[in-house]
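Letters are used for the chains, namely A, B, C, D, E and F, taken in the order the chains are written, and counting of residues starts over at 1 for each.
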Amino acid sequence: MDQLNVKEQQQFQQIVEQKQMKDFMRLYSNLVSRCFDDCVNDFTTGSLTTKETTCIMKCSEKFLKHSERVGQRFQEQNALLMQNMQNR
Amino acid sequence: MFGLGGAPQVTSDQKLQAAEAELDMVTGMFNSLVEQCHAKCINKSYGESDISKQEALCLDRCVAKYFETNVQVGEHMQKMGQSGQFMGRQ
Amino acid sequence: MDQLNVKEQQQFQQIVEQKQMKDFMRLYSNLVSRCFDDCVNDFTTGSLTTKETTCIMKCSEKFLKHSERVGQRFQEQNALLMQNMQNR
Amino acid sequence: MFGLGGAPQVTSDQKLQAAEAELDMVTGMFNSLVEQCHAKCINKSYGESDISKQEALCLDRCVAKYFETNVQVGEHMQKMGQSGQFMGRQ
Amino acid sequence: MDQLNVKEQQQFQQIVEQKQMKDFMRLYSNLVSRCFDDCVNDFTTGSLTTKETTCIMKCSEKFLKHSERVGQRFQEQNALLMQNMQNR
Amino acid sequence: MFGLGGAPQVTSDQKLQAAEAELDMVTGMFNSLVEQCHAKCINKSYGESDISKQEALCLDRCVAKYFETNVQVGEHMQKMGQSGQFMGRQ
């Protein structure tokens, strides 16, 4: 990324910020889809049962903790990779 | 769909981008709903080209339960966001 | 969406229209992929058998009816959701 | 690929957008074909890095049958569109 | 595509070129994801075993040969389709 | 991430597009990693909302092995590219 000059870096920063809202929305949509898929499989009723609701709560919390942990490791590994490339 | 698009923004461009992002999310949700309710409700042997009564009932409930799930997850995330458990740290 | 002024709404309408052709193309591609996946699994022949063709026709019709029904329910539920948010 | 891009449009911008949408669809079809024929034809134990004769034959037929499916679905949708069964109502 | 005039065709060519880098990156990402998914399923160790590495090499080579072959057939079939549409 | 974005390009526009494409790829990789490590490590019965120690260890190794896979594939593709076996012909 160091090939970009200051003005280009500012423009790039704008692009990054534009994408962040989209990323958050995608995370949210994935969360809903995943927990719906894993927790709701009985269509003899028309609204969520207590069991399904509990499952959805736990699933969504767990998924957020999951992506948080993967995100931390991803950044660590990415930093390591960049370092290795520069030391070559 | 979630009342987004009205944060303290200034330029037309940003408002339009927020509205477009929201549209993309609603479209994405619809596409995901079509896929998931197909997987959960539709018989894939294709003996018939019509949707059976049973499949139709399943689809209606599938959509209703998906929206309920959406609301539940939204409220839960807000609660967690306010308690500062997530967001920003990620 | 009521935060957009008239001019912004017109611009947004243009964006919506630009996306509709893409949406239609995606529906079409999904249809082809799904019915190919569900109906064509025998590669001892190089062109579609009668049985496969029949399956593809029924599959594509059924999928269109399916997305039509899901689309109707989606709009109903979405309208309901918007109403509930405004009444709060 | 489907002769799209030539509707009663006026501006260059719209024509380019239609052409771009068509390009995206062809690319999307190709990607989906790569995925699906891999799932249907390729042995995933990876004892060999080469494609076997049997796999190659399967791939060739997979692509041919996918195109046939594409044509069939396209013609069927046009027929249904003309009879007014779908489109616009959705 | 013959409905585009010369200037439009040049602009379209630029769009095509912009997309090619993205396409290559997607091919690469798909390759990594697929071979990781098919070859790495043991997490009792923290780095790749010899068996996993071998599998990944063969998987990635095979996937490239696979997409090359599918690409060739795709172009042939596409050319055939265009010809049939013009002869109608 | 892969040191792309610095080919013999001229305009700001092209540099930004390359940087954006790279950003999209890294984001795509992260999303794919989230999905795949969830499938490989997380118990989907959701008796607990917390990640167990075993799951956490599995996730850490999953991310590490994914990066190793990424490097291996990258090096292997470069080797094949230099030997002229692929690219350009496709």
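Heads up, the rule we're going with is that a contact is a pair of C-beta atoms (placed from the backbone, for glycine too) under 8 Å apart; a residue touches a chain by one contact, two chains touch by 3 or more.
Heads up on the chains, UniProt names are A, B, C, D, E, F = Mitochondrial import inner membrane translocase subunit.
Given the structure is predicted, the values throughout are model-derived calculations rather than measurements.
> Given the touch definition stated above, what is the smallest step count connecting chain A to chain E?
The least step count works out to 2.
> Chains shared as neighbours by chain A and chain D?
Touching chain A as well as chain D, we find no chain at all.
> Among the chains here, which has the CA centroid at the largest distance from chain B's centroid?
Farthest chain from chain B, going by C-alpha centroids: E.
> Relative to chain F, which chain's C-alpha centre is the most remote?
Max centre-to-centre separation from chain F belongs to C.
> Just to confirm, which listed pair, A-B, C-D or B-C, duplicates the contacts seen in A-F for more than half of them?
Interface equivalent to A-F, from the options A-B, C-D or B-C: B-C.
> Please report how many Å separate the Cα centroid of chain A from that of chain C, as a whole number.
It comes to 25 Å between the two C-alpha centres.
> Please report how many Å separate the Cα centroid of chain E from that of chain F, as a whole number.
16
> Going by the contact rule already set, what residues in chain F reach two or more other chains?
Within chain F, residues 22, 60, 62, 64 contact more than one other chain.
> In chain E, which residues are in touch with two or more of the other chains?
In chain E, the residues touching two or more other chains are 26, 39, 57, 61, 67, 71.
> Linking chains that touch, what shape results: line, ring, star, complete or other?
Ring.
> Could you read off the chains around the ring in order, chain E leading and chain F following?
E, F, A, B, C, D
> In their complex, what parts of chain C are in touch with chain D?
Listed in rising order, the residues of chain C that touch chain D are 18, 21-22, 25-26, 28-29, 31-33, 35-37, 39-41, 43, 45-48, 52-53, 56-57, 60-61, 64, 67-68, 71.
> Note which residues of chain C are touching chain B in the complex, please.
1, 3-4, 7-8, 11-12, 15-16, 19, 23, 26, 30, 34, 38-39, 55, 57-59, 61-63, 65-67, 69-71, 73-74, 77-78, 80-82, 85
> Looking at the complex, which residues from chain D come into contact with chain C?
17-18, 21-22, 24-25, 28-29, 32, 36, 40-41, 57-58, 60-62, 64-66, 68-70, 72-74, 76-77, 80, 86, 89-90
> Using the touch definition up top, name the residues of chain F that touch chain A in the complex.
Touching chain A: residues 1, 3, 5-6, 12, 15-16, 19-20, 22-23, 26-27, 30-31, 33-34, 37-38, 42, 44, 46-51, 56, 59-60, 62-64, 67, 71 of chain F.
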